[in-house]
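Take this structure first; my questions come after.
In this document, chain identifiers A, B and C correspond to the written order of the chains, with residue numbering beginning at 1 in each.
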Amino acid sequence: MAAETEAAAAATASGLAGEMEVEAYRRLFPLAFLERHLRESVRPDGRHLSEARHTTIALGAVYSAHGSALIRLGETVMRSLPSSSSPFSPLFFPALLASRAPQLFDEMPSQAMLASVKLEVMSPPAESPDEGSVAVEFHMPPICSPLVRPGRPADVAPVISKALEDVLMSSGTINLKDLCLINGKASWLAYLDIYCLNADGSLFDAALISAVAAFTHLEIPLVSVGDDGRVFTVGGNEGKTKFELVNREKRKLALGGIPFSLTCALHKDNVLADPTSEEESVIETYITVVVDSSDRLVSIQKLGGAVTSMETVKECISLAKERRRKLIEILTDSVEAMEVDQTE
Amino acid sequence: MSVQAATGTYSPAAAAAGDKRREKREELRRHLAEDADWPRADGRSFHDCRPAFMQTGPTTAASGSAYAEFGKTKVIVSVFGPRESKKAMMYSDVGRLNCNVSYTTFATPVRGQGADNKEYSSMLHKALEGAVMLHTFPKTTVDVFALVLESGGSDLPIIISCASLALADAGIMMYDLVTSVSVSCFRKNIIIDPTSDEEAWQDGSLVVAFMPARKEITQLTLTGEWSDSRITNAVELCMDACSKLSDILRDRLKDTATLTSE
Amino acid sequence: MVGLSEGEKHFIRGGIEQDIRTDGRRRLQFRALSVETGVIPQANGSARVRLGGTEIITSVKAELGKPSILHPDKGKVSIFVDCSPTAEPMFEGRGSEELSAELSVALQRCLLGGKSGAGAAIDLSSLIVVEGKVCWDLYIDGLVISSDGNLLDALAAAIKVALSDTGIPKVNVSLSAASDEEPEVDISDEEFLQFDTSSVPVIITLTKVGRHYIIDATSEEESQMSSAVSVSVNRHGQICGLTKRGGAGLDPSVIFDMISVAKHVSQQFISLLDSEIAAAEAEAAE
């Protein structure tokens, strides 16, 4: 019965389609709009069904953090040309006359996540005196989506925080022993804060990429311990300093088994990789697969929705593995790009 | 151990941080005593603003948005609406402007709580209220949400300018673009667009939000001790900078318009 | 909220135009001021100020605290304002929150000076007892009992009076041998240090109605304002703070004119306030 009315609605919609503007059709009949695309094996944004969005990673976007990364999903479009000549007198904004590359956005992303890792010193708990700790928080500020309002945090934010923490811990990405400074006395507490700047679907996947990238960028400051037991940072060259260094060897975290994830939306027989928020609003069934760098499964999640065959699940897993390979390439490239930037 | 347990976690201070701060202050005192220009940390002269980068459209989910970067200060503003007023409010024949400013936890050197900044929210509202044609969207609300990604000084003026670009990007009717610039004063000297280090030592500050085409000041705040002639100087300096900033905003909007029409 | 008919609005605006306001005052004339000190015995200093129908109680409490790490040579001052629901029905519950926060911020801006402490009403270094260890924390609380416009000016005046009434107990510090230990502090309950309030500024709010501006506006007059500028001025005619209220934009020349008018009015108001304080103190001493 329900299928019949749905079919009828679809028929009405497709009947109307000829007479309507595309944008209006898209808003009024989002499901029919999507299905018409799927019949042609293409997505509303021009992707293939199993294709994830173009992804870019920029490391070191935040000065005040020890490690940070901005990631963007989606085709980036140049919204504005660099202005080559500005007609005002150069008393103010002189540097603008030379078009200047900004640190963050130079183009328009369709999904953006900014992750930062900040280290603070804590005294480790008695049961694990040689371990540090990681505190994960995923934020959805009101700027990111029309559905979030100030003072009322988004429902999904804590869910994603918890899922991220679980994945980072269970995959063994971070060895908590690496965060130890002085056994039983001091260790690092890494605050991982991820801000969603523009919510456009597959939030968990994007958050995980940004988290991994921020930890890749993380550089642990050189520290020493004062007479009062407090830890302080030592600037400059590690070779010549009068302070006794605590963590000369532990400047970078060795990330083990880097996890990456892919969310697939399942609609009838179609598997849509990396859905956008528009697609998420009409599809009910998702599978999120997390695999690590040796293609082992870290987590697989399907919360309700329509029943799904094992074949589909296997397809999702293989798509996730493919995505993982691609993302590792992108991450490696971004690390190289950053190193080139620094040497220049 | 017990000391640390009592204070919880802390970010390790740089070695001899206190000495450095004292040194900096002494240096500033010396400069002030000599009463000469001193080089600012970023190489600007007193009346130079930091290089500004402004851009519309970082947040596609919003009706309009803008991103601004002045030195280390980075701000994103999203504008939503006009949309249904969420709270059960009385009928109003003019629209409502709802402003909110928040900081990320990593915006300041010491990890913050990422809480809303009520003072800035209300200041942003006052700066924009006079420019937005509220009667063009009766019964509805326009939400202006700002997120400071990184705080590097002059945060409020940058939020205000960025918000007015975002409002224009959203197609909200305004009498004029509001731009804002602040100055810090050190004894007799006035420096424009201060960084957070400079703000920490300033004797006083003055923030102007200005509509250049209408030549009207929508918001003006001042702290510290000022003579009226110095106020006049500082306000004129700010207004001049605001007009120039407004030209940049206009260019941005024109760029966007030509690109979308192509 | 003031409900006014069109006729009443016209009457108020017309009066201001002709320099005779509804209560018979000129544009730059204050309402009757009355001052009382020492109204709260537990506080170190307190005052009640009435300005026409607006009534404010302020109290100053001093407590020993620890100076902040950033400013080891300074004490701390915090200012809070609360609006009592007795003043206006809309202040009930959380209704006054926004107004209270706005008034507190405006007062902090006008009284605490710049970051370096320049132009501050209270010399923070005078509040230090032992550098880096012990200082006085001043808690200044304002309570709006009855509200009939011009709250900010009345609050600032009341704080000035309360500070002049404030006595800070003399402290004897015995420094023990170990420097990192907390010093022992002996608070005297007989000897008090008087506060130097000569640099505490007054706030003059100029409310713009039509083309003219008025001082000490009643709430009826405030409902007709397009914008208002609050200027805080000290005895030397220096401007210590400025806040603009109301959304409408103002021409810069109008703002400069308002500042000079405020400066002129402030000197009269300071001498009026000084004589009231002297009278109140004489009365209290009797």
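Simple rule for what comes next: contacts are C-beta pairs under 8 Å (C-beta built on N, C-alpha and C of every residue); 3 or more make two chains touch, one makes a residue touch a chain.
Treat the numbers as computed from the prediction; the structure is a model and nothing was measured.
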| Which chains end up grouped together through touches if chain B is skipped? | A | C
| field | Higher-contact pair (C-beta pairs counted), A-B versus B-C | value | A-B
| Euclidean distance of C-alpha centroids - chain A vs chain C, Å | 49
| request: Report, in whole Å, the distance between the mean C-alpha point of chain B and the mean C-alpha point of chain C. | output: 27
| In the complex formed with chain C, which residues of chain B make contact? | 118-119, 122, 126, 129-131, 175, 185, 199-206, 211, 214-228, 231-232, 235-236, 239
| task | Please give the residue numbers of chain A that touch chain B in the complex, ascending. | result | 62-65, 68, 78-81, 83, 86-88, 91-96, 100, 102-106, 108-110, 112, 114, 116, 118-123, 137, 139, 141-146, 149-151, 185-186, 189, 191, 193, 195, 197-200, 221, 223-224, 228-235, 243, 277
| remark: Residue positions on chain B within touch of chain A in the complex are 1, 3-5, 8-15, 17, 47-53, 55-62, 65, 67, 69, 72, 74, 76-78, 80, 83, 86, 100, 102, 104-109, 111, 114, 116, 143, 145-147, 149-150, 152, 192, 240-241, 244-245, 247-248, 251-252, 255-256, 259
| task | Give every residue of chain C touching chain B within the complex, in rising order. | result | 98, 101-102, 105, 109-110, 112-116, 118-119, 227, 229, 234, 237-252, 255-256, 259-260, 263
